[in-house]
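Structures are listed in the sections that come next.
Paired with chain B in one complex and with chain C in the other, chain A is shared by the two complexes that follow.
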Partner chain A sequence: MNRFILPIGAFALLVVVLAIGIQRAPSKSVIPSALLNKPAPEFVLPELGSPDLTFDSKSLAGRWWLLNVWGTWCAECRAEHDMLLAVRASGVAPIIGLNWKDDDAAALEWLAQLGNPYERIAADREGRVAINWGVYGAPETFLVNPAGLVVYKHVGPLTDEVWRREFVSRLPPAAAPAVMPAGTPLASPAS
Partner chain B sequence: MMTRDWRGWRQWLLASWLILAGIGVAQAVDPVELPDPQLQQRYWDLSHELRCMQCQNQSIADSPVGLAGDLRREVRELLLAGKTDQEIRDHLVARYGDFILFRPQFSSRNAWLWLAPLVLFLIGLVVAVRVIRGRAKLMADGIDEDTPDRAPADPGDRR
Partner chain C sequence: MLPEIGHFALILAMLLSALQCFFGIAGPALGRERWQAAVAPAVAGQFAMVTVAIGCLAASFVNFDFSVAYVAQNSNSALPTLYRVSALWGAHEGSLVLWSWILGCWTVAVAMASRKLPASFAARVLGVLGLVSFGFFLFTLATSNPFIRLDPPAPDGRDLNPLLQDPALAIHPPMLYAGYVGFAVAFAFACAAMLEGRLDQTWARWTRPWTTVAWAFLSVGIALGSWWAYYELGWGGYWFWDPVENASFMPWLVGTALIHSLAVTEKRGLFKSWTLLLSILAFSLSLLGTFLVRSGVLVSVHSFAADPARGIFILAFLVVMIGGSLTLYAWRAPLLKSKAGFELTSRESFLLFNNLLLIVATATVFAGTMAPLISDALGLGTLSVGPQYFNPTFLLPMLPLAALAAVGMHASWKKGRVSERKGMLLTTFAMSAVIALAMILGAFGGPMLLTPVGLALGAWIMLSALADPFDRLRRKLKLTPSIIGMSLAHFGLGLFILSITVVETYTAERDVAMAVGDRATVGNFEYRFDKLDPVEGPNYDGVRGEITVLQDGKKIGTLHPEKRQYWVQRSVMTEAGIDMQLTRDVFAALGEDLGARRWSVRAQIRPMINYVWLAAFIMALGGVVAATDRRYRTARESAVEPGTVPSAVTGS
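And now, the complex of A and B:
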């Protein structure tokens, strides 16, 4: 009987390992960010619609903030737009838009039509900043903490469910003040 | 006779032209030339071993997608800046993770995957040695391994 214990044990182990592998196998289209728990790449870019202004990511140091990568050529960005507006209205954290390889005029028209969920919008016309952030498809939404570390990245349209499960759970409760009307500039969270 | 030869020739010519035309199309995705042929070769090699993250089963050299073009530009600029191949790979892995490499590198995260074949081989070796030693011992003890059920032969019977 003893001689069977080893093979059966090995087989059982294999079954367990493979079962875990199948269970945990993420959908192949979503690749986890290499930037998790690493410093968010800094960037300075012209601001969309204001050629004289530049946006510097350092200006957000010390705050929780979101980076949303979008473009008017991206159909799924339209799908998440209302959710972004709701996030802005909740005032939990400012959303910085990264307008990725887009046409400025088209982007401005999009915002005029659908509303502007962003506190600031950086125009990444050449896609260099997107590469530094490891972006491979829009929309993507990053969560950055006050220490400047990337805490989470979501690939695909932001939904209410994803927002609650992945973002709200990572944000400190203190950073969720009362509902703010969209359009008002967000103050830094009091700590 | 002559005409037939010429027909064969024409077919050959046509076939080679079609093949050459195909190569032209394949290269049209990325017509950029670097000044130095050595750099051009490294650029060719690197861009073929980096994955297009959007299409996933194409290299950035083969993909016409916008992001692949941006990544090729990134590779070119790093090459021109004098970075080594490994520095360029590390640069992109830092941004996109191991997945961007078609040939994965050894790292602490995937060490077990690389070492598993060696470990399995060693286990197999140990098992094989033990089995062989066991058989040799049985043989030395004068037991016929094909009839293990039979009681050991009487010592007096031994020839």
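And now, the complex of A and C:
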């Protein structure tokens, strides 16, 4: 008789594993970034709208900052735009925009219409920098600490809930001083 | 209006399937003949309603009804008509409706074919199928309703995932589901047999054709998916051991074991409890596959929207279906006793080893698929298991299985009389060794360790499969569909092993950066990048390259790889340029635009790759032919008719 109970026993074990799997499933939608707790890839790219100016990621060393990957072609980027503006207004950390595989004119028009949440915007026309950062879709938002390590990566539009739960919790309460107040003009471009 | 009719029809279908289940199981149990008689009308009504539902959903797609959320998410006004229909099963909700509809088709077929079965048994089979249907309808309506409206309607749809805009992928899911659902029939037969306590050989004969046809559908479904991956994903591979691929492959392996053990149960009355267990297992793995794909538990390239609520529902459904049937098994199977014995080299014994090896193979795939989940559940961190694990561990049981197949086809029941066919086996083996040698030395050269083994085994199975039909033709004996089917399927298996060995050994591959006018050498071939032009399709634009392939300075083909940008989802798709030839595929895919009109180009020469899929289709064809054997249709209840040849079974 015993051996005929084996299958149902094995199945019961499987159900336990699957049940635990489901409980942990929500965290799986966050695809772990290979970059987590690794140095953020450095890059130098032209500034959006001013091709003769360049943006160098090294200029942010020693500060908490966010890299937001966006494009005017990305519908979900529009959805998170207001949230980005709110983040800028809160002045917690500067957002660097990585304008990905986009068109300069379209991107500038988008910012003129919807407002500019970014401190600086790097134009990644061919998507090379995005590849180094392991970006596979827009929008994505990375959090980088003063040591230059990637602390968190969020895939998909940034929402208020995600911002509070995943970003604010990781930022030190004292991060604010490193940031200029919202609404100040963009910093002068590095040469 | 149509979506509401469809929605309503789906609810009615669910209620009717509940009646079908209740009357089918309670009727025979309580001996109420009038309840039992109500099962067939319930089946008819359920099928009619689910047909109305799927028809309404299809109509909403064809008519661009973007007020339906599911249509708005998966279609677009620029989408060509074929894909507007196939978009129906392009995502989770609609594919569930398709699943239920195919299950309805199988149920109606079973109901019509089971008139000759004992009424109580037929009612129980339909009752169990009704329970499966009910579970899926409830799942659809409770967590995944495709008929939800948008208010206000979307101005246009978000388009079907461009990866799915492809003819092979339009028919891949229906084939796959037909296979999964077909195993539900085998499952229902096994459950009915256990409920009824009718565990003699007859239920095995009733189940066999259904199981074989389901297996054939699944073979075609998997082959289509693999073919699509080869030319659409743009890196020229054809099997990735992705969790979702494994989810479809495990039921196939167990189904293969099942159709072989059913042969033993039908012919010799052995392996009875084992066959019951395999029937449960094949369908359980199909359900488990559904769970893994749609619950978000495993991360896979197959993107079904992950939703834990759905996962919990399917898990509960798994507990009811699998847990219930395994409990039934633990209760009923101990009553089974086999009296007959058999010798070591008899057909029974070969089929026993076939089953053992197939189950070991399934277990290795299962372990690799579940390992990331288990490691995560135990808090050991994220783990990923790839081809480095699957290829060698899967090969281990497969090599002896292939050798057994070549010999086992000729073993006779009960008595070990393989020695009588020793001459034929030695001859075919010598011939296959010569073929392997000739292929290595003559056509390709430079083998790896396993190459001669794979080639010889493949060729041996092919020749060995042909030996029996040839012999019969020579002696002017009748060829039954059973024999033709079995020979075809095994011939397909041999061709599969042979062609996979060639592909894996002799593929030449290079990634090169090319600008228009450049040349690159790949293997013995030269690729010449001639042109790069813009293209525009109905819902995309992009570039189209023209690459001429030369061998010894002579032009042997022109490839047109494309890089497409689909407008709505802004996703970039790679359409590989493939020149299909009898002996090899010449393949080129455009990778990244490197600027200055230079592109990275993936160039591959894959000999015999098309035979891999051809082999799968031959196997499936063999299954279908075997299932048409007369003895399944006539005299279902009586013993096998005297004219039937004893060895006329699909054996290994």
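Throughout what follows, the second predicted complex is superposed on the first by the 156 of 191 C-alpha atoms of A that agree within 3 Å, B and C clash if a C-alpha of one lies under 4 Å from a C-alpha of the other, contacts with A are read in each partner's own complex, and residues count from 1 in each chain.
The rule we apply is simple: a contact is a pair of C-beta atoms (placed from the backbone, for glycine too) under 8 Å apart; a residue touches a chain by one contact, two chains touch by 3 or more.
Worth saying up front: this structure is predicted, and the values here are computed from it rather than measured.
By the touch criterion defined above, A:I20 reaches chain C but does not reach chain B.
Of the two partner chains placed around the shared chain by superposition, neither chain B nor chain C is touched by A:P39. Once chain A of one complex is fitted onto chain A of the other, the partner contacts of A:P7 are limited to chain C, with no touch recorded for chain B. Shared-chain residue A:C74: touches chain C; no touch with chain B. If you count the residues of chain A touched by chain B and by chain C, you find the higher number for C.
Shared contact residues of chain A with chain B and chain C: 28, 31-32, 126. If you check the complex, the residues on chain C that touch chain A are 273, 277, 280, 284, 291, 295-299, 306, 308, 311-312, 315, 318-319, 322-323, 326-327, 329-330, 333-334, 370, 373-374, 376-377, 382, 570, 593, 595.
Across the complex, chain A is touched by residues 53-54, 56, 66-67, 70-71, 74, 93-97, 99 of chain B.
Chain contact summary for the complex, chain A toward chain C: residues 1, 4-5, 7-8, 11-12, 15, 17-26, 28-29, 31-32, 71, 73-74, 126. Against chain B, the residues of chain A that register as touching in their complex are 28, 31-35, 101, 126-128, 130-134, 136-137.
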